[in-house]
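Two complexes follow with chain A in common, the first pairing it with chain B and the second with chain C.
Moving on to the complex of A and B:
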């Protein structure tokens, strides 16, 4: 009770000070991510990308009368540090919204606090199905297989491929990829003729491929990672099977082509971010990132770049007098944010993101973006 | 430490004069009041005065780790069995409390002791086959068991929901009173932490504690003196895992969400570091070590990326300059005997001996 009164007094003092100096109001966004420890490389990418987006935003004049800054805190990918950071951000009345954390577990540990204390939180990477269900204050900028599966199903059906076989890896991710695709494909009138699974680490797909080919599907859908994808594509070539291959975004890696060589030619997949995308927004980001950090941005950097962009645009929409409340409402209204990971909207009911993915095909030893709507 | 003075037992107990007894009583009241005033007076006052929920959160985490560090000290410091799987029992307690409260709707008054008992039961099962192992072999066995338990928490999806973790664990509640504010949550955790440390204090600073220290120094020798070595080791391990389970229950009920990642190997190492930095075998040291290792990384937050390097350097220097820990075992035993637990008798020089 007493602590609330003191907090209220501090808030009041800061607010009146803010009113007096409305000309150069400072708005802060908290960013929690692992900057030390095993996963510090991801935090580093997030910070690099966030700095680029923040500089762009403050130079753009989208929010007259205020400047936005980002407060970074190192969570070490540790839930107990994340809880401490959450409290630290909440104590700072200038902070109106938080981006992060990296892994689902750590994001959710902090989310429980943000949910009860009413702070909007946007994670660039937390893919746990329950994350956005915690409270109306949680958002994320990463799509799950529940979105990607139906998206790929639509794409395949639009090519007139009406029957499909699915080969998937036997783990929680593989099962969610299978369910996402099968549900979407059947709902739109496609027919699943076979589903085959393999254990992680398996490299021999000959028996699975022979079994699947006997069903004569129009397409084989692969829910796996690049190591298995490359091995499967080579064995498919050796067996002389010519059924076209489509796959999940997890296959998107230069290693796929390095390992699979010519056998992965004509493999189709859709992903959120690729530095080769000719889209001008992507090219501006890639050029700036390479200039600053001498390396091409990864998918993680792109996710953070867009998460910061979405948050900042919501701040601009809420205006210079933004509060945690109005920022949340502005975030929830995000529609078609023109990001480098595809145009992003938040579903009004579930706050799950929907994106337009970049469709790609492997051709001449390279991933090439297909210019399709 | 004069417990090994050969003629201690034949000294007349009447040397403990009434005058010195009242002085001792005064010291005991003084130190008890000081410690309780810090835990229940100064810390809540600081939280209220600053209105800082950040401070409250750190205080709660620190109290949970005080229990973990003090309980690990019981088995590793006092009884001398190096355990590097303590986080697993912390995890069992956390999952037990989380599942009992979310699936069966049991109240905190039941889940807290149940979490301790379940962790202790698993500790008992683990202790049975491993107690004949000594030194590094025991350490490797606990390492393996810690990893096994972590993998079970991660993969027994039907029970633990695996990597998804458990959400919606209710806050601490006692007979209708709910710890809704952070301050009340801290108070509840602090009361339980103080009780846990007090019980461990009574076990450690006694003839029972002497027996544990004896088997740490030389278990064959202790055996030949009539101490039931295996029984004592099992008991110490069960007590230690019980308190780790209690700490886990507190984590569940204060954080509302747990996942296997909270109980990784690095967490065991962190708890072990607390014991070592504080002083192996020293209960006050374990408490101070826990506070140090929780507060220091937060206090250094402002220096940014070099924070963990600074934490590492501080640990390195503290071990280099204070190899027996911040509060070494000998000094802290002497302190505890002077301040809290009078000697059985007093030698002619005024040095108290034994435990009363």
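Moving on to the complex of A and C:
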């Protein structure tokens, strides 16, 4: 219902604007995401953020002679639904590009249809390595550990920390984080002195920390989530170990500080989005989101906001006579899109995003953005 | 292996985690000793103790010593409730055949498991699945340096508590009338009835005492760990169970000794293996014990009817 109201409002705006400008062309973007079922909170955030970006874009005058609207469809986080929606979007000649879906599995189900029928698809969150390999029509606006690991490795090496120990969680994600970091660190001349893994649910890191401390690394790199990160930081403090901690963006949660308290002070991590980033683009988005929805936007809302922004800028670049082909080519040329999740570029060959991440450190019980290049 | 200060630190780390297992194993073994069945809900009593403690701390902010009696009371209450819900219904037949029936006794395996699942889900519903932080004034995490070795205040508190619990329990069991009753029921429930012991009351008392110990363990470990969640009882529950089996099922000092052995073995093993393998150490020790000491290391070949 709400989506129809938003669409209606947008169409109303389009018509009144159209009356003034005489026969504005109407261009549509399809947005598929879960709006019902147990993943619906994500779809809701995407739609909230997308509406803000769309309103900004249509008010900006970047695309004279045309207005853009978004058609939302509920995929229920179900691959079958996603395929039906893909057919529906393909049959609508006004739709030139699609954003979505939420999970990698569902995005990839739809991607197979978009690949054969030639529709550009940009997912805000699908992080499976194979998603962008399906065809030249798939793009994503989320970085993976294959990007984040080397990014953090560079950062750590730039601080003169030449030997590292890695502690990672024993699951697919943890292993990808380990590999991403180790490859990047070794390639730039760093030395890995220890890699230690633990099972999900483990709460006692004293043995691991003691073993790692014996190797005297310059830095300990953590690939884990906040529950474990907080416990590890506390036990490190108790053991009197003072080796600095760096970690993956997965540690970025207010809960890390709530649980870890003073022990997580001085932990460094880099993330795509933080509402505390003083960057004016981020602050404009946060202010507008809070005004509309009475809550700070999450990383997911920010991903969607930028995905819509990238798609709309590509539409503007292709001009009012945009087609699915010209939109794909424009998307592939995206460079340094000034988003709230960092300046984003797509690699024209792999269609993988690179972003400038926000570097943060925990200080005085808060995540603080460090103004470093 | 390198014999250095880090290895000594590993032994201390192992003892700290071993005492966490021991703290839980004491109550577990006490209840097993009397009923000869596993109380699967002991982990939830431990979790309830932690949550009640946290609620008292956040609501009233009393000194830590005042938290303990309230947690003890909550533990006793949940123990009595647990016995009523999951164990008593299977003792309603008093004829000799039912009293000796294994099936009747072992049905409580499932009923206690059911109560534990329900209790955990209710806690999930009330508090959410996330970890809850503990106010920093109450954390038992201050590092204490003993020479070059570091321990946390929590380890010392847990060590002292285990020692006191063990001592008090031995006193209760061997120096008091109640203890005599518990030992009689533990030895032969039917015989105890014949000589005029109120077995129902003795069993309720055992549950109350065992659960008081379990709940205290929960809040202490919560304060030591710095986080409390509805799932916190599971992992130490499994280790406490292994310690109990290794220790000979009904020997409380045996369970404590085996809990410490488990903790130290896991910790030393991290020196050779990735810590992802540490559960393998626990279960290997269990299998080795059962192969070579079928009665447990500290069991005394008592016949089980």
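Quick note on the criterion: the second predicted complex is superposed on the first by the 350 of 373 C-alpha atoms of A that agree within 3 Å, B and C clash if a C-alpha of one lies under 4 Å from a C-alpha of the other, contacts with A are read in each partner's own complex, and residues count from 1 in each chain.
Throughout what follows, contacts are C-beta pairs under 8 Å (C-beta built on N, C-alpha and C of every residue); 3 or more make two chains touch, one makes a residue touch a chain.
The structure displayed is predicted, hence computed values, not measured ones.
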Fit or clash - chain C, chain B, common chain A: fit
Partner chain in contact with A:210 - chain B first, chain C second, else both or neither: second
Which of chain B and chain C A:227 touches, first, second, both or neither: second
Touched partner set for A:162, first chain B, second chain C, both or neither: neither
Contacts of A:62 with chain B and chain C, given as first, second, both or neither: neither
Chain B versus chain C as contact partner of A:293, first or second or both or neither: neither
Partner chain(s) touched by A:118 [first = chain B, second = chain C, both, neither]: neither
Partner chain in contact with A:237 - chain B first, chain C second, else both or neither: second
Chain B versus chain C as contact partner of A:196, first or second or both or neither: second
Minimum distance between Cα atoms of chain B and chain C in the superposition (Å): 15
Residues of chain A that lie at the interface with chain B and also at the interface with chain C: none
List of chain A residues in touch with chain B within their complex: 2-4, 6-7, 10, 35-37, 72-74, 76, 79-81, 83-84, 86-88, 90-91, 103-106, 108-109, 111-112, 117, 128-130, 134, 172
Chain A contact footprint on chain C (complex, rising order): 2, 4, 6, 9-10, 13-14, 16-17, 130-131, 133, 136, 139, 141-143, 145, 150-152, 225-227, 231, 235, 266-267, 270-271, 274-276, 278-279
Residues of chain A touching chain C in the complex: 170, 196-199, 201-204, 206-208, 210-211, 213-214, 227, 230-231, 234-235, 237-240, 255, 258-263
Contact set on chain B toward chain A in their complex: 47-54, 56-58, 61, 157, 162-165, 167, 181-183, 255-257, 259-262, 297-298, 301, 304-305, 307-308
